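Got a structure here, written out as structure tokens. Questions coming.
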Amino acid sequence: MAGNSFGELFRLTTFGESHGKAIGGVLDGCPAGVELDIEKIQLELNRRKPGQSAIVTQRKEPDTVEVYSGIFEGKTTGTPIGFAIHNTNQKSKDYSHIKDSYRPSHADYVYDKKYGFRDYRGGGRSSARETASRVVAGAIAKQFLSDIQINAFVSQVGELKMGKSYQELDFSLIESNPVRCPDPEMAQKMEDYIKSIKKEGDTIGGVITCVAQNVPIGLGEPVFDKLHATLGAAMLSINAVKGFEYGSGFEGIKMKGSEHNDAFNPDGTTKTNRSGGVQGGISNGMDIYFNVAFKPVATILQSYETINKEGEPVTTQGKGRHDPCVVPRAVPIVEAMAALVLADFTLLARTNKI
Amino acid sequence: MAGNSFGELFRLTTFGESHGKAIGGVLDGCPAGVELDIEKIQLELNRRKPGQSAIVTQRKEPDTVEVYSGIFEGKTTGTPIGFAIHNTNQKSKDYSHIKDSYRPSHADYVYDKKYGFRDYRGGGRSSARETASRVVAGAIAKQFLSDIQINAFVSQVGELKMGKSYQELDFSLIESNPVRCPDPEMAQKMEDYIKSIKKEGDTIGGVITCVAQNVPIGLGEPVFDKLHATLGAAMLSINAVKGFEYGSGFEGIKMKGSEHNDAFNPDGTTKTNRSGGVQGGISNGMDIYFNVAFKPVATILQSYETINKEGEPVTTQGKGRHDPCVVPRAVPIVEAMAALVLADFTLLARTNKI
Amino acid sequence: MAGNSFGELFRLTTFGESHGKAIGGVLDGCPAGVELDIEKIQLELNRRKPGQSAIVTQRKEPDTVEVYSGIFEGKTTGTPIGFAIHNTNQKSKDYSHIKDSYRPSHADYVYDKKYGFRDYRGGGRSSARETASRVVAGAIAKQFLSDIQINAFVSQVGELKMGKSYQELDFSLIESNPVRCPDPEMAQKMEDYIKSIKKEGDTIGGVITCVAQNVPIGLGEPVFDKLHATLGAAMLSINAVKGFEYGSGFEGIKMKGSEHNDAFNPDGTTKTNRSGGVQGGISNGMDIYFNVAFKPVATILQSYETINKEGEPVTTQGKGRHDPCVVPRAVPIVEAMAALVLADFTLLARTNKI
Amino acid sequence: MAGNSFGELFRLTTFGESHGKAIGGVLDGCPAGVELDIEKIQLELNRRKPGQSAIVTQRKEPDTVEVYSGIFEGKTTGTPIGFAIHNTNQKSKDYSHIKDSYRPSHADYVYDKKYGFRDYRGGGRSSARETASRVVAGAIAKQFLSDIQINAFVSQVGELKMGKSYQELDFSLIESNPVRCPDPEMAQKMEDYIKSIKKEGDTIGGVITCVAQNVPIGLGEPVFDKLHATLGAAMLSINAVKGFEYGSGFEGIKMKGSEHNDAFNPDGTTKTNRSGGVQGGISNGMDIYFNVAFKPVATILQSYETINKEGEPVTTQGKGRHDPCVVPRAVPIVEAMAALVLADFTLLARTNKI
């Protein structure tokens, strides 16, 4: 209810502030018998962690996950999987300048109004550091969903938009460059652009596209918990996300029904897939694909004017180690959230029929 | 869990197929003491009902709500509000042609796969008729949230996009035309266009923009249940919706942080509002605004090829009385879902502090 | 959250006041494909309804259920089952005497304090009439759980306690007498006793014992949602219930571990069953049995002193048509709640393993 | 859903096996601004921990809680409180004898059937060690509920039953003896009896009585989530509990309504309190009191016959360090669960009225 849990049957609850002792979570409802490779969890965390390349924040956080429970002799036991990532690089002094003033387009102000006060160190609970816990749980979900392939990648940075459809891409190239764009030429352009933005002390937005393949027919519930509605909520819950569209998305509104409808093949697949793998909220066995829009990160390393707690104007200099563009590191988070949604509906789909 | 409930504290559960005896729902958690005008509920239903103008489906459904409980002497009692809308215009024969074949881009096929069989009459549970129950509950939520103004309107039909920002509009004009577009000139163009689409037996998509004003600071939970994530899920759960964006949305990705950030005024309001009234998932007191993309309705009154249950190709003639464009009638549904989200978070926000 | 829903996957939400237009509910999550005999639902309702014998309230309520949705061609469709029971015998004047005063050991006073006011007619939402909706849903659950036998019966009325264990009883005799005690001799004593209590205008408490047989191994979750904990909550939620015990229950506390432990047979069954069919919160395949204690109904047809809204002492004469002993009519309610619990855990158990 | 969470708004999720790396949990929904004394949490843990006296298990576990998040400058921040208790005394070899055989009246057998395999070390997740996490959360709940007094104590061990009502007791004596019975004379008898049981290598059951005082009027929801139903579920979820009764409980069934009803005083309090502080599921401001029945612990230090995984008979010798009687150490657990229930309903009660 207080918003720190996600999923119903395959359910993650997270905790932790960016500068507290640890962040972590409990994954409850993972079925027993999943052979779990802890190394794979750590590899996903490494995809998200700071300092991995020249175009992301240079903070040094090892982000090592410690699993406390729920696994025995290499397999999940059906009991909750508790885990923690200890915070080891807490430079609280870096944040002293925001203790008494509110950064524009950050959560500082609303936290103070909502809760009466806040842990101001590094954004506290509103820090994107929280998403590391999602990546841990998502990595477990992926291992549970071993038949499903989930691939996310950067498809746009600022105005730089990849022209290709996902079918034209080689997903194995996603990890070949620091931007995580599987089109090497475009990746290079994006990287150069992010570097120039970084030099300005500024930030830029972007889009992540995600594709889930080999999803069985029947996931998703028909009314409020439509598969795409839950995917949308999952993506919109990631820091800095401003929009979500699936299948034909916002472009689809310009089409006529006669153009937009996906005709059936005799085997129940469809000739086109403007539906994005979801019909009436339920997966139809075709590829699920969607776009997630990220705004430019609010923290800029420039001087800016804002207000303090008393409402007085103050001039502040943004500092610290921040991402000039959030999308490269957000790729594993998008995949993790997609995996959590699909794992949850996979379990729920077991209850539809007698 | 089975997806027919929405909200946690202010919680709607709906039931009903388009051609069963009745649709309806239970609204649980509405606080005691709300003075409830049943007439206002019916007025909202009338905005959604078929047959209201020349550009919507010509089905004749009175859509009269019957309230069974939870109200005493004109006020809510704090106990669940049960209600039903009896189905009176069930022309089941209209749908006999879809009993054994699957309409493209409809839920027919996935329902059969998920549940083993389906109530094929009029789309059954997947019919947009289900949204009438949402409108009932939303109308109650609006009366509970009497200080908040929620206005939705049509901002795009096909390629016809209203150029004005919502601040330039007079919301009192929304109901002045059958399209529900508050820009009379554009409304006329949209109406003409929808009529031409209808003549072709085709359909067209559109966008609804929604603005919530006077929302108090502090609604929304910081991690998974961010205000905009829940609004997004709410909107994406409406039939035919393909995308959601709030504040700067998909356009915001092209901006730099230095351009995108909303500078504070001394009173905590912001000079711009690219954030769309939400910071870190929590309302900041500014206007909340978002766009909802609707695809063209799948039912077209043309001949089309599809498959039957045996996977054999069949040619079918679309018939019945359907909407050429769903957005005019979806305006009250978008408002209803927004009201349900805000009502739920309003209650939850009472528990944040000691 | 507001307490009008029960179950997670197999989930009932109820609505309705005793003197409103209707009571009813929505049963969500019942799997598709259950062949449903509506007549059997009505038969269960008839076991609960007023006026069925000389020892229960003489109100005349037909309690006819109307099912609105979720069933097609005789089978459940997997969509929510909405239903209502219209109130036809609302003698509101009977209750005018309680409008301004508080009946002792009733919910009148706390409702006024909690909600600010109340629907005082017939107890409103706190009336046991609400349990009719549970019986409807329980009757559906029983048909879903066709392999499990659930039998409840009256085992004690006041000091009259049946000496036999449930294994010595013939459950087919439960419905052979108005008390619903399968020991005919004891049933006669109980009936005579209840009649004498009724003559005094007084009421008396009792115990219902319930036995669930042929329950598969593995239902129930190990920590908070232990099978017996959820059964206990289910029973304690029935009006007038004051206690719950399962297996050896309160008597078991006097035993030593060496006496109390249930030794295994080679096939995994146990030689004794002090555990009551539940080990560590999980069904072990043995009979589940438990006792539910009901207090004497608070409404007595005698003169009594109480207070009015202003806190002034008033003398009131109890009137109306009430049960001298609640247990005979509560038997189907206990069975219904047990069925709802077992149905919910049956679905959940499908998600334990890969 | 998988049963490792408790509460809705004030919600605890626990994890951990007795012989894994750590147990712990996440407490979500605790309002911001609670001044939290970590020392008090540890004191409650010390009341539960092994080795505290001669009549409890002699295992040595420091049970030191480490709080990871949700607290800043001595106060709760409104964000989730993550915590862990590291397991330091894992003598796994002690449990090798149960790896392949099933202890009678333990959860070994049903875990294997439900999940396919189990972490057999020390009972794994079914170990009462899990309740330490509940005590941590309960200690926080108590500090949130600073106006409410919750006192639990041992009122019966085997046949030794304290004759006094709780009003005659001095709660400050509860901690004066290792049994936690506030009647010193009876406490001594109980202690002697438990010692003799321990000498036999046997175990014995008992009853804990709990009293919550100064509870405001209006906690609890009227239908399924009655205050006493949720208290009952909370208590029945504690290991070894077999029964729950509140107010007049099982004794109340023998009374007539005219004897049982609680007459009002002019101020709304009642002259008697057979209702146990709850009317119609809602607190009425009077003391809430209830009894919780614990069976004799299943682990006896005697030789016993059982079966192995193949269903073959084996003779086993119980060993390890176990409690001869569980009730002295269960007192803080009962209080913790009561506090969690009251904290949850306290938050929910803020949403009843406009």
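Labels A, B, C and D are assigned to the chains in the order they are written; within every chain, residues are numbered from 1.
Basically, contacts are C-beta pairs under 8 Å (C-beta built on N, C-alpha and C of every residue); 3 or more make two chains touch, one makes a residue touch a chain.
Note that the structure is predicted; figures quoted are calculated from it, not measured.
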### Query
What is the minimum number of touch steps required to go from chain A to chain D?
1
### Query
Which chain is most remote from chain C in terms of Cα centres?
A
### Task
Could you quickly compare B-C and B-D and let me know which has more C-beta contacts?
B-C
### Query
Any idea how many Å lie between the Cα centroids of chain B and chain D?
46
### Summary
dist(centroid_CA(chain C), centroid_CA(chain D)) in Å evaluates to 26
### Message
As a quick test, compute the distance in whole Å between the mean CA positions of chain B and chain C.
### Response
39
### Query
Out of chain A, which residues touch more than one other chain, so two or more?
1-2, 4-5, 8-9, 14, 29, 32-33, 78-79, 114-116, 125, 222, 348, 351-353
### Task
Report the residues of chain D in contact with chain A in the complex, numbered from low to high.
1-2, 4-5, 8-9, 11, 13-17, 20-26, 28-29, 32-33, 66-70, 72-73, 75, 77-82, 84, 114-119, 124-125
### Message
With touch defined as at the start, can you tell me which chain C residues reach chain D in the complex?
### Response
1-6, 8-9, 14, 102, 104-107, 109-111, 113-116, 125-126, 130, 156, 158-159, 197, 200, 202-207, 217-218, 220-226, 228-230, 232-234, 236-237, 239, 242-250, 252-268, 270, 274-276, 279-284, 293-300, 302, 304-307, 311-313, 348-349, 351-353
## Note on the structure
Listed in rising order, chain A residues that touch chain C in their complex are 1, 8-9, 29, 31-34, 78-79, 144, 222, 347-348, 350-354
